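One structure follows; several queries about it will come next.
Naming follows writing order (A, B, C and D), and every chain is counted from residue 1.
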Amino acid sequence: MNKVYKNADAAVADINDGAVLMLGGFGLCGIPENSIAALVKKGPKNLTCISNNAGVDDFGIGLMLQQKQVKKMVSSYVGENAEFERQLLSGELEVELIPQGTLATRCMAAGYGMPAIFTPAGVGTEVAEGKESRVFNDKEYLLEYAFDADFAIVKAWKGDTDGNLIFKDTARNFNPLMAMAGKITIAEVDELVEPGELDPNTIHTPGIYVHRIFEGVNYEKRIEQRTVTKSAK
Amino acid sequence: MNKVYKNADAAVADINDGAVLMLGGFGLCGIPENSIAALVKKGPKNLTCISNNAGVDDFGIGLMLQQKQVKKMVSSYVGENAEFERQLLSGELEVELIPQGTLATRCMAAGYGMPAIFTPAGVGTEVAEGKESRVFNDKEYLLEYAFDADFAIVKAWKGDTDGNLIFKDTARNFNPLMAMAGKITIAEVDELVEPGELDPNTIHTPGIYVHRIFEGVNYEKRIEQRTVTKSAK
Amino acid sequence: MALTKEQIAQRIAKELKDGYYVNLGIGIPTLVANYIPEGINVVLQSENGLLGMGPFPVEGKEDADLINAGKQTITTLPGSSIFDSAMSFGMIRAGKVDLTVLGAMEVSEQGDIANWKIPGKMVKGMGGAMDLVASAKNIIVAMMHTNRAGESKLLPACTLPLTGIKCIKKIVTEIAVLEITDDGFKLLERAPGVSVEEIVGKTAGKLIVEGEIPEMQF
Amino acid sequence: MALTKEQIAQRIAKELKDGYYVNLGIGIPTLVANYIPEGINVVLQSENGLLGMGPFPVEGKEDADLINAGKQTITTLPGSSIFDSAMSFGMIRAGKVDLTVLGAMEVSEQGDIANWKIPGKMVKGMGGAMDLVASAKNIIVAMMHTNRAGESKLLPACTLPLTGIKCIKKIVTEIAVLEITDDGFKLLERAPGVSVEEIVGKTAGKLIVEGEIPEMQF
């Protein structure tokens, strides 16, 4: 069975209006740049995007926001984005804010076939409103449900044609979790190799979780906060 | 803070009567041979051992069973061990049988700070007796609790002095899960290296989970079922 | 003529589709790997933490660190991946494994299965069987139609302690291929030369026989 | 004399112990890394998936794939490890991180904290703050004692939406070190030259002052 797609356009061709998407990345680090560009080009609307952040005005999911493709964002932090703020305040955009660890674990739960998990994050806060809570060992936890996404779109460093993925440094973040969680998982990679080229012990996402893979092009890998040490220690 | 211990004797020196232990390995694959030998030598009794299997008569946890050190085994499969069977039938040994995936996930839950998880394994069977169950999306799941172990004892391939671990092939199995789950985690490794020698992207168990580490000696790595192909294809 | 174990495996192998991820249990199910149809690519999962299991190693190349869930020394194929037991059962629970083939002591007409415990005998444990049957979306049982005493293993209800309930989709025995339906076992195929009457006689649970029952093709 | 932000960080750094795994929030907490005492080895966790965070890279060595939770380019130190966000918050929830240092808008005398949302202002989200405060066993808040309007940020009860409840253990401000006890804020130390009266005057929540209050030592 061939999992290899020619490019992002081909891989996202059946993502249509109203789809629920997971998009990997933390800030602009490890985001599926090619797929986002292809989605902007193809133009599906009313998307629900589960992603830790919403990009910046002119990059990442921000590009989809500019095209008004997003109906709802499910994120832990959505700063750094003026268009996002405008749409939110005008009521064009819905946002659900979720603690970062809860977001991550709800992805993992989906990939691990666990319908729900317990986490203490948000107990006693407005995040807990309307949610079931339960005490274990004198500590209160919220019951949080596994996500249910039509597509997970992730960015990996290396991948093979069987769909095995390896991530690099902190560009890993939510990517392997979301890769496990999509009904259909699309992975774009810096480098696509043949089966056998990756050490099985170093695979972060086994190919069983990945349905489509392609080698991306022209990665910008924009840096949000360029911080440097003036002199080497 | 020094995590490096001289040898297995030093690493298990404070494991005393009545301790609850997790021991990594699947069959005889990836078991902490040195630590088991040291426990046999030191001789703590009334141990509870959480481990997928109970070794064979003359190897692995079987050695501790021979010394009557084990009060209770928590496992998914305990065949291949005549002394185990004798102690069980005579009432000397208690055994709790748990589905393998449930065993694994209860370890992971401990390492991830999740007090309990939901799994469908065992629904409608005697494993479900006395357990809380719950329906999500028309499917029934059992509520299973995170393990609580005094010590987790694991075997890794490579480790560094900060406690970072890398496992090899299917000797990984339960090891990284148990490594996350012990109040005190002891890791024995084939090869102990300095920090910086392992690629951070290939670490399976981050050092934060590992409290003691030592380089093991004289690994036997016994094979239970030696199966071979007569001629190369 | 009743099928051999190899033929049961061969018949089950016909259920494989290109791209399938498959978990094969110990015994007859393991033999299925020998009959994967030409031109079809199937990835074998071993629940101790491996995708892409290959054949046994050539003599002298056995590696104690590389075994399958039956504790046999094995090899990996190009494209394989290794993971821990939680992820292994995670992908099983999440329904990512397309087909699971298991042995059984008894199967009920509701699709319940018993394959881990015989009262009065030493209980070795369920291993990963309960996780597999509770999670897999597509389970085929490979077993003999009757036990050594000649009693049917296809029952109205299991008499042995259950491994899982309402989970089996299909059964391949030495004499028949059957599907579990809401109304009981449905006879799909019979072994070459085996009569419908023989299958009826050896099936204790409710058996649906509709129209002409074709012989199995290999 | 009120402490500078650097001095607040410096005072918090005295709480570090050898072998600690530490998560430092954005702002003053980040500065703590600059004052790790000699001879003490501390491992910094960044909740986007890194243990063993090092200093910012030298110019030209920035790597877009290597950032901290504040999205700043960073480096890794020998012995570092990378993991996904679920494991990152897993180790936080499991209490493996020894110390968490966070900023706050308000802290209550029960140890509640508010630091993510101001009604009427654009809400950016809680990021990992709710996970951290609900999970960490040892949380120190680094903040100014009063807000820009001069109002106390140490309150009988928080007025802003909460981030977490009964979780803060200690607070270091520009004028005082305080501990949260069952009976309210307990004054432990005062900044050099700052009077107990000034601290009392700037603390709206219940403040316990017992005996002589020493000046902070650096």
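Operating definition for what follows: a residue touches a chain if its C-beta (ideal position, glycine included) is under 8 Å from a C-beta of that chain, and two chains touch if they have at least 3 such contacts.
Please read all numbers here as calculations on a predicted model, not as lab measurements.
C-beta contact counts were set side by side for B-C and A-C; B-C has more.
One inter-chain figure worth recording: subunit A and subunit D are separated by 28 Å, centre to centre, where each centre is the mean of the chain's CA atoms.
With centres taken as mean Cα positions, subunit D sits 56 Å from subunit C.
The distance from the centre of subunit A to the centre of subunit C, with each centre set as the mean of the Cα atoms, comes to 36 Å. Residue numbers of subunit C whose C-beta contacts span two or more other chains: 50, 76, 82-83, 86, 89-90, 92-93, 135. Multi-chain contact residues of subunit B (touching two or more other chains): 105, 112-114, 119-120, 167-169, 172, 200-201.
In terms of which chains touch, the assembly is arranged in some other way, matching none of the line, ring, star or all-to-all patterns. Every pair of chains meeting the touch criterion is listed here: A-B, A-C, A-D, B-C, B-D. Subunit C meets subunit B in the complex at residues 46-50, 55-59, 61-74, 76, 82-86, 88-90, 92-93, 112, 122-131, 134-135, 161-166. Put simply, subunit C touches subunit A in their complex at residues 18-19, 21, 41, 43, 45, 50-52, 76-83, 86-87, 89-97, 135. Only residues 105, 112-120, 136-137, 139, 141, 145, 166-169, 172, 200-202 of subunit B touch subunit A when the two sit together in their complex.
Residues 26-30, 52, 75-79, 85, 88-89, 97, 99-105, 107-108, 119-127, 157, 167-177, 204, 221-233 of subunit A are the ones touching subunit D in the complex.
Listed in rising order, the residues of subunit B touching subunit D in the complex are 1, 110-114, 160-162, 164, 180, 194-196, 200-201, 203, 206-209.
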